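For clarity, chains are labelled A, B, C and D in written order, and residue numbers in each chain start from 1.
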Amino acid sequence: MITAAATALLLAASLWLAAAAAGGLAERALGLRFATVLSTLGGASALVGGLLVAVHGAAAARTLGSGDLVGAVTLRVDPLAAVFVALLGLIALAIGLYAPRYHTPGGGTAWYTTVYNLGLLASLGVLVAGNATFFLVAWESMTVCSYLVVLRNHRRRGVARAAFLFLALGETGFALIVAAFAILAAHTGTLDLGLIAHRSSVVPAGWRDTVFVLALLGFGFKAGLVPFHIWLPEAHPAAPADGSAFLSGLVIALGVYGIALFGFQLLPQGPAWWGLLTLGLGALSAVVGVLYALMANDLKRFLAYSSIENIGIIVTALGAALVFGAYHHRELEAFLLIAGLYQLVNHGVYKTLLFLETGVVEHTTGTREMNALGGLVHRLPATAVISLIGTLGIAALPPLNGFVSEWLIFQGLFQGFRISNHLTGIVIVVAGASLALTGGLAITAFARGFGIPFLGMPRSRRAAEASERGQPIVGPGLLAAACVALGIGAPIVLTVLDRVARATTGTDIKARLLVPNLTVIPAHTGFSGFSPTYLAAYLACIAIVPVLIYLAGRPRARTRTVPVWDGGILAFTPRMQYTATTYANPTRVTFDAFYRPEFHVERASDDPAGRSGPVHYRFRVMPIFDRFLYAPVIRAVRWLADLIRPIQSGDVNLYLLYIFVVVIVVYLIYPF
Amino acid sequence: MTEQQQVEAELHERAVALFRRSLHIRTFDSGSCAVCESEIRLLSSPYYDLHRLGFFFTPAPRHADLLLVSGVAVRAADHALRKTFDAMPEPRIVVAVGACALGSVFTEDELVHGSVDAVLPVDVYVPGCPPSPLALLHGLLVAVGRLEEKVQAFRFDLRERNPA
Amino acid sequence: MSVAVRRVSESELNQEIAALAANPAARFADLFGAHEQGRVLVRVIYALDQEHRYLMLEAPVTDQGHPAISDAEPAAYVEECELFEQFGVRPSGNRPLNRVLMPPQSENTFPLLDGGRRAAVPRELRAPLHVRGEAFEFPFGPVRVAGWESLYMGLVTTGEEVLDLYLFHWHKHRGIERRLRGLTPERGLFFVERTEGLSAASTAWAYCRAVEAAAGTDVPASATATRAVAAELERIYNHAQAIALLCQTTGLSVGQAQAEIALERCLRLNLAAFGHRYLFGVVCLGGARRAPDSAAITSLLPAAVTELERAAAALLRTNSHVDRLETCGIVDERTAHRLAVVGPVARASSVPIDCRRDHPFAPYDRTVVSVPVGTAGDVLARMEVFVAEIRESKRLILELFTEAEAEVATLTGRDGAGFGWAESPRGETLAFVAVDAEGRIERARLRPASVRNWRAFDDAARARNVFTDVPIIEASFWQTVAGFAR
Amino acid sequence: MIWFLRGLRRGVVTTRYPAHADPWAEALPTPPSFDPQKLTFELAERLAAACPAGALRRDGPDLVLDLAGCTGCGRCCEVGGEAVAASGSFELATHDRGSLLKRIPIGADRD
């Protein structure tokens, strides 16, 4: 089985490499199709390979090259990474089905196809890396490829800046990750990840803490944890739709993988405060993410903030798992790990779906601005249905996937009272409460995110003229099916994830998680339980009731269709609908202190002659992280750069002198 | 009258009989001088209290059984009047209230129709300028068949006893 | 009776208006047009309250457009739009205009006052009423609360705060000024009373004074007393109605019921005193048709007013009521001046104008009318003004009713033009009537107080108010759409 | 302040109409009634001219009163002397617009 998996993964890697090479053909339609077919097949192989490993529930490792400190390349796939591999495969599969209709063949697309497939390959590399060197090389390649993905439309205003922001924050994170690995390698004397995990107990406690914090922050930059999140709302609108899907479904998930890798595998059995720190950052990200999502009017910015929120939820779950682990609640640790991974997979699926559909909306209407959209359900019916499924999933409404995983996370967090240290228990429950707030706001946010563009009347001419002809449907449709399957098929998903958790934490909770036959899932024996499968069946049954009532009542009453009652006005105009901004107004008023909005109202009737005319109203949320955190840092960096600029004279001889000095210093230090 | 119309008329009558117990009223101002509106508002005041008779005002024509139209039927308000009427479920009653709505104050011109009949099929006419709240109550009760019409029998002959 | 008429040329009009607009003692009162020998004559009326006189400027204008009066005098904007809809002349400089009386369905052409039609107007010359940016227009009306007049309010909002307000009154435009052309003044009075039925007596009074001024007829003193009694009764019941509506909009049902009981008692007093609940048919040309029934007034008036005052006093002690009124719908003094509002709305904003005192006419020239003034300019200030005015009206009625008789002077000379005014419950109401040699109305202009005061409504509604404050502000203004859209 | 008690203290003022007539309603303005025997053609013309609402007109041998247009102003009563007086009837609502047109024979009692 492992051999089959390894073969599948090798096939995936080869196909992606081939797709990257074939990317050059994408200047023509046939070439683009060929490259994406290769990429799609690669995705399918990766999906199969990842699933095989996860189902098998044991790690597979293979070393290539000699056992030297730097030169050896160890490839290993453990079940934890396999979950991410499977997700990578699924996303690549969906994007592959989507891309040929989304991109127009040409030089830019050719470059993009190459870079994107290399990015897939690099991501796979991160997940199968068995030693630190290979991990870091793959990680850096992934960052650079993602940077180039964001740069696809580099001529558009703001794209270069957004891509640079992504790169800058990514590299800052990378430096922290390198430091973390360097400390580990120095203390364990190996770069092999398996060996590091074995020997991690020899690392002194203080260094262990340092390594964990460095890793958490470093991967946090990539995962988009608050306050390292500011690249997401910039990079996503800049990137093409499938690039955004790749960034949001996968790249930030790799950040989570890094945190899980350090927290559960490389440094197992950490102190409780690691978990609490992780939990706190997660909960903060969730709340801040959703609050900003409610104020974003650009569909992609909105989804980017929603990604921050979702990553926050996932990281909260992982943090809680670490805390429970530290207090030796092994079953709850495993349970929350399962819940977090479930949420991660779900987020990858529906966020990819939503980004892809945003691409369709942008292609057909020419804008992503919610206040210029509306009424698309009539013009893009398939897109609307698929988006609705994704929206219901991400808003965590039953019986779809988001509901199952968020429900599991809540159930887990509310077990906080089982921890003997009351303060810790309270912190966990407070985190649960803030996730509840997040959930409520997320429903508002997605009611807005779906309702404003798809329902009502079109707010612009382009939106009124949109047509779905020739737009990609299969790729997002596949993801919509996945949303439903991951929700209704929860018992199967949980069986697989249980194996992953067993392999990662050593605890098997399948017997408690799934009651046989009934498929009811109690978070903790005697606490609560439900069955997503039965719930779906039940919902389907009660959905018939109104239809039956309608049919039963119909023969007796004569039907007369009249317009909606509107108070007798001449005609509804699109300007009589709630805009995206005003829909979120109650939230804006409630969290005024956080948003610190700036208003701008222009009235023609303020004109001294008192003539009536149009009103113009704009409003902006103050970006507090940019202003109070990053602006001072950037100022400091600039100041520092000015200070050391004289060193950079441009004189080659001077640079040779620098190298000479460094070599001398290294030789002087090395003997110690 | 065709058979179809006859059946519909019977149905209408049966349905209107249902209104005897309770009925919801939507008002429409189609160019009144604001006095008819004032008298209509007073119907719900303690002195007249139309709720005791099972009448209620409703802001939504969707819930209304009776449309109380006052004013001269200004052409500019046609659209709104038609929409309000269309929004009401059947069966429905239209009551024109006041001399203006009956078409006797303003003659037809480019701006006004002259009477509500020109826009809607009126069921009950309530004369008066303005019709006092009692006249309005009488009109409403006539509309739902709870009171007999008096005006048909009354000949406005000084020598006859006032039927009241 | 002091009205100074000054004829100026088109170019002088601009300078005159600029001077008057800069003069704080001059208050813009009206702007309207008339036909004169195939040309359009623009008349602008200013009230010089401290000098106790009105000033009427007359200027013939050409088809190219008259000087844009609203540039110097913002209050004149609505009248300028109306002038265009009635006569087809527009301000020069292509200033954009709104539709005020004619519905947008009538597209670019609509019937003018003389029955002709206006040629098409370029679209860009219309002031667009729509929303840009991130706010939206919340459509409210024209079919609104049961028993309220048809009025469209476009509430421009962020979801809660009112940013701006568009009012469409055209659903009720009946063309009364058109209809009056060619009628005898007697027949015209029938329509004048039905212009704004809630101030039938005072509107009719202003109109009759204009006709009487045109004919040079003096009205017997006893008849003016009768007119005054009717007008003051009208004030009392209108203010009672406003207080009842304030309770309805703040959701105080018992208070509403109590105010409505008082209101109904006032209406029955009207019926007993003058034979009509809304005082139609009391004022007639040359005098008054009915004398007040003294017994009815002495027996019913004090009781009705006491009931009303008791209810109002209790309301002003009720925190849940007063809290909704305070700082709600503020019209500040500057706005009140700028938009030249009149009546209780002005008086609640420290603008103490009342034409009973400032432009005294019989019978008010024989007595001292006290004018209550509020300073806050909010809904509460207006309610307090209402209460104080009810008291003052009661005093005036008790002072005047003994000398009130039904006397009618015959109108002698028939042709000519006259200007009349009266203080309606909503404020100064003006009328201008020109009668031709055959004794038929050539041009009749009615300017009820509602025309002036609706102008300030959007200013009041958007100053720090939310949705649910708008009906409260509307009740406290207590203007009628009928009066505006006549 | 307890508005509830205030409301109760005010007592019941509601009319008992339509079960019982309301005495104050007698003063309401109402359309005129005529004594056909005392009407003359000349008086009928004068009545028609006096009606501001145009609700009265002569039609051949009859005086036609349109109740829909009558505002109850009472001018006809002033003009008509003994031949005309207020009818006192305000309950004029009808389903049939035609029944609001009343023909009063002039001069003779032809019934």
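Everything that follows uses one rule, which is that a contact is a pair of C-beta atoms (placed from the backbone, for glycine too) under 8 Å apart; a residue touches a chain by one contact, two chains touch by 3 or more.
Since we're looking at a predicted model, the values are computed, not measured.
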Between chain pairs A-B and B-C, which one is joined by a greater number of C-beta pairs in contact?
B-C
Far-end chain from chain A, centres as C-alpha averages
D
When the C-alpha atoms of chain A and chain D are each averaged to a single point, how far apart are the two points in Å?
80
Distance between chain A and chain C based on Cα centroids, please, to the nearest Å.
63
Centre-to-centre distance between chain C and chain B (centres being mean Cα positions), rounded to whole Å:
30
In chain D, which residues are in touch with two or more of the other chains?
10, 13, 28, 53, 71-72
In chain A, the residues touching two or more other chains are 566-570
What positions in chain B touch 2 or more of the other chains?
46-47, 61, 77, 79-80, 83-84, 105, 129, 132
So which chains end up touching which?
A-B, A-C, B-C, B-D, C-D
Considering only the defined contacts, which chain D positions touch chain B in the complex?
10, 13-15, 17-18, 21-22, 25, 28, 31-37, 53-55, 65-72, 83-85, 87-97, 99-100, 102, 104
In the complex of these two chains, what residues of chain B are touching chain A?
60-62, 77, 79-81, 83-84, 86-87, 90
Show which residues of chain C lie in contact with chain D when the two form their complex.
186-187, 189-190, 252, 254-255, 257-258, 261, 268, 271-272, 275-277, 280-281, 314, 317-318
Taking the complex as given, what residues does chain A use to touch chain B?
558, 560, 562-563, 565-570
Within the complex, which stretch of chain B touches chain C?
25-47, 57-59, 61, 71-72, 74, 76-77, 79-80, 83-84, 100, 105-106, 109-112, 129-130, 132
